[in-house]
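Note that subunit A is present in both complexes that follow, paired respectively with subunit B and with subunit C.
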Partner chain A sequence: MAVDFTADYFALFGLPRRFGIDEAVLDRAWHTLQAEVHPDRHASRPDSERRRAMQGALRVNEAYGTLKKALPRAQYLLELAGFGHGHGHGLELGHGAVASSTMAPEFLIEQMQWREAVAEARAVGDVAALERLAQRLRAHAGEMTTRLAAQIDERRDLEAAADTVHRLMFLDKLRREIDDALAALDG
Partner chain B sequence: MALLQIAEPGLSTAPHQHRLAVGIDLGTTNSLVATVKNGIAVCLVDEQGRALVPSVVHYRGDGGVDIGVAALGARLEDPKNTIVSVKRFMGRGLTDVTHIEAMPYVFEETPGMLRLRTVRGSKSPVEISADILRALRARAEASLGGELTGAVITVPAYFDDAQRQATKDAARLAGLHVLRLLNEPTAAAVAYGLDNAAEGVYAVYDLGGGTFDLSILKLTRGVFEVLATNGDAALGGDDFDHRLYCWALDQSRIAPPSAEDARRMQMKARAVKELLSVSEEAPFRVRLASNEEVDLNIGRETFFEMTRPLVQKTLAPIRRALRDAGLVAQDIKGVVMVGGATRMPHVLRAVAEFFGQAPLTNLDPDKVVALGAAMQANALAGNRRAGDDDWLLLDVIPLSLGLETMGGLSEKIVPRNATLPIARAQEFTTFKDGQTAMAFHVVQGERELVADCRSLARFELRGIPPMVAGAARIRVTFQVDADGLLSVSAREASTGVETSITVKPSYGLTDDEIADMLRAGIDRAGDDFAVRALREQQLEAERLLEATARALETDGELLGTTERAAIEHEAAKLKALAAGGDAPAIGAGIAALARITDAFAARRMDRSIRSALAGHKIEEL
Partner chain C sequence: MTYSSKVLDHYENPRNVGSFAQDEEGVATGMVGAPACGDVMKLQIKVGKDGVIEDARFKTYGCGSAIASSSLVTEWVKGKTLDEALTIKNAQIAEELALPPVKIHCSVLAEDAIRAAVADYKKKYTGE
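Right after this comes the complex of A and B.
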């Protein structure tokens, strides 16, 4: 009966449980919920009520953080489907490579090529090259996201989706490394 | 502006008492206090009509303390005991502070936060800031004619946990009830956004006396959502002064100056810098106590040239914030300029060039932060009336939080720019057979090596049942509240035996020390600690009783008759207790009423959330 904060994140925001979401609807639902539970809405309320509201606010932000971005959203959907690839449970190899038992060898080669290109640009402090790589990375991640939508929402092929999730995990990690390198070069 | 539809939980039609709440901008150079009067935010001024209180504290030999304008003269006469820019020392050790060699103070090397030796004894930056806050509180109480219910204190968005905690401690020490620590650029955005009905993505560029912040916010229907923030907690107008000071020392070839002469030169440097914002040229002429004379002249372009690296230094944080927000400069609809140092023409020019648009300067860069803080304080105190503007602030944590792992690396638990409040947990395990304790080191910062991050706290989890290596499951939870303050807990869960510990990072001052200082301060003021504690309990009782009464009025049908009778019984008991003078008994009464209303409160929150979501669905259609 109660609003179940333990309900799945899609239900919490009143969204259908699928990969493709309307971001504007998500944002709006997030704002609506935070307007109820954010600590600032309860600042002059008794302690007990503030604690309860805080639990709600934490849950709502956790849910939003999970659904807002494609990668955690896909990971979460797989988890809900009982597919053993929850948050961050992907196998991580040394040097930031990401692998799963079913991973195609050409993806491992691809990963190496990406990493080499980034390492090279970073070593010589080539900001323009890093920015180009970041852009290529974004485009590639975009393709993976489109692929995920088809795999999860249309074909219901979660096996294939899990593979794409691993690719995205790698790209995400690489993107953070490029960002850090760019930030470091900024001084 | 189409504002978010939000109903204050259990908002009743009964008029309620206006609570005195203020916003305080505790600045490096200048501090201000503001409040909302008749729906309009105003800065509170002194008899001469001045809103700015110079952040200067003079500890006099005769035991007195002067603050603000009254302390200005002593900067030259008594530099060692006259503290300026104390904000730069908050939550900082001696090795963290730049240009320390040019400062006239006697520093004490202490673990954690540095301390200053003055005629009034050893002072921590927290105590010195508390003296400034006390002066602002006195101004507010005199002007508003009553005791303050609470205050919103602003901090640079890029302040880390140590600096935030130090600021909050200072406020507590000054006898203020802190409603919220609010990020300075966010406060400015509130004041600007509400006044101009702004919608869209804005950047706030705040260059003050000692700190630089850059925040990117999305404004939609009364929601101020910070997308990313970045900055430099040790970059501001003071650094421009310092360049000019070094230039003058170099040009005039005088002997290394005494503390007093250094102060004289620095004050001159600041005046010259400010003059160059409006004139092409300025004389740098000072007669020193050493009888030497500095007689120089400086052109605007020379000054711009020598400080260009400082201006450039503000661009890197902008690029980082944009990158984190996934935006480019062209996505920014407007750039709000805040802080006195943004009056420098070359700063304005650099920002205009970067964003490809003229920045917004149609607000008072000195006051906008305090005004925004006052608006938020008014809202948090519960003074908003039906029909008033309503808004919601969704702010972020500026710097990642992590734990030290093998090899001195930091494993990030909470990423920078995560929306607050946030809780994140991570599981760890033992690496030795029979291991019964585990040490944790909490750090903040973006760098990979722990040594390059700020150390916040160390703690140990003991009592782990002996198991083979790798079998224990220790769950460490980081929780960051809306103020950006962290608490950490750890728990061993694999055997059902729970051991848990909660640490709040502390920096030289423990909670007990704060309590002692508070007690001492109150004694000095002739106030009584016990009376104060009692009043706090009575206020909490009042809040709970009022909330309960409103809840019964608006949502009474959620209760059965016996439930309702039980609540009314406890409420009546608490009411009687609160009228008396027994603080512990009131505390017990509060706990009892809170316990018995717990399920009711849960049902009410469910209902309000559900109806909010239902309204939201209707809107979608």
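Right after this comes the complex of A and C.
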């Protein structure tokens, strides 16, 4: 059995526990592990082994999904460092997470302006404006991801990293709002 | 997600939506947000010379429960002193709107918005 259920996601793929990762290494390790736990390879094995292979496949895919994208990877790193659970940081993606009012008001005002701009463009069917907003958003999120890498890997300032993760979570919501608006106007 | 009739009522007929001018006398603003759901809430209060909240406005980008929670809060803070407004708890908001457990954080956000608005008032007008 290749999947070590006690290993964290980084260890599972043989990656150092860092924000900056070599995506090619992650992809290769994923393919290798996936092949090992593939149901076809265990079809003739006893139930218990097949079940374990199935669980292994689930864990491998969950791990890959978490590490592949910057935001969930950063959230996971903070979680491993003890942030995000019961600390009132509201890092959890699911519902029932704590509200956080500790964000800088300037940032929240900016978020409100973004949301207003999206709502207005959607209301008048201005696809070009929505695409410009999406482009600005991508650039902004890119800058923040660069900042996040420095905060986690270089400065090891996890408090600051948690704040950046919160900001990226708002930007992620904005991106979904823009995608929704574009999809609605496309139809 | 099925909403309670009270949530639907506030969602369909939100009370006190909008903004006061920032420089209007006695106006203070509370901005809060919940990263987990991306909701952003702005609550403004207008406080009279007697220290009583005369009027309130809100603007919320979020789900129906977040909109209803902030709409309700604008009604509840009116006629209250700042200290009285601070006694409004998220549990009361959640109970009034019959919010399900997964939407409790919306009422927490609304309570946080009151605190933020009162804190902004104190900072702006009393130098606290």
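To be clear about the criterion, the second predicted complex is superposed on the first by the 158 of 187 C-alpha atoms of A that agree within 3 Å, B and C clash if a C-alpha of one lies under 4 Å from a C-alpha of the other, contacts with A are read in each partner's own complex, and residues count from 1 in each chain.
Keep in mind that, in the parts below, contacts are C-beta pairs under 8 Å (C-beta built on N, C-alpha and C of every residue); 3 or more make two chains touch, one makes a residue touch a chain.
Note that the coordinates shown come from a computational prediction; the quantities given were computed from them, not determined experimentally.
A.B. asks: Counting only touches as set out at the top, which of subunit B and subunit C does A:Ile109 meet: first, second, both, neither?
C.D. replies: A:Ile109 sits against subunit C, while subunit B stays out of touch.
A.B. asks: Which touches a greater number of subunit A residues, subunit B or subunit C?
C.D. replies: Touching more residues of subunit A than the other partner does is B.
A.B. asks: Applying the touch criterion given at the start, work out whether A:Met169 contacts subunit B, subunit C, both or neither, answering first, second, both or neither.
C.D. replies: second
A.B. asks: Under the stated touch criterion, which partner chain does A:Val127 make contact with: subunit B (first), subunit C (second), both, or neither?
C.D. replies: neither
A.B. asks: When the two structures are overlaid on chain A, which partner does A:His31 contact: first (subunit B), second (subunit C), both, or neither?
C.D. replies: A:His31 contacts subunit B only, not subunit C.
A.B. asks: Identify the partner contact of A:Ala11: answer first if only subunit B is touched, second if only subunit C is, both if each is, neither if none is.
C.D. replies: neither
A.B. asks: Contacts for A:Leu182 in the overlay, against subunit B (first) and subunit C (second): which applies, first, second, both or neither?
C.D. replies: first
A.B. asks: Of the two partner chains, subunit B (first) and subunit C (second), which one does A:Leu80 touch, if any: first, second, both, or neither?
C.D. replies: Once the two structures are laid over each other on A, A:Leu80 reaches no partner at all.
A.B. asks: Share the list of subunit A residues that count as touching for subunit B in one structure and for subunit C in the other.
C.D. replies: none
A.B. asks: Applying the document's contact rule, which stretches of subunit A touch subunit C when the two form their complex?
C.D. replies: Going through subunit A, the ones touching subunit C are 90-101, 103, 105, 108-109, 111-112, 115, 119, 165-167, 169-170, 172-174, 176.
A.B. asks: For the complex, which residues does subunit C have touching subunit A?
C.D. replies: 29, 31-38, 40, 42, 59, 61, 101-106, 108-109, 112-113, 115-116
A.B. asks: Residues of subunit B touching subunit A in their complex?
C.D. replies: So the residues of subunit B touching subunit A come out as 4, 6, 8-9, 19, 179-180, 220-221, 223, 225, 313, 316, 319-320, 323-324, 376, 379-382, 392-394, 418-423, 446, 479, 481-482, 540, 543-544, 547, 590, 594, 597-598, 601-603, 605-606, 608-610, 612-613, 615-617, 619-620.
A.B. asks: Could you pull out which subunit A residues touch subunit B in their complex?
C.D. replies: Per the touch definition, subunit A meets subunit B at residues 1-3, 14, 25, 27-29, 31-49, 52-54, 56-58, 61-62, 64-65, 179-180, 182-183, 186-187.
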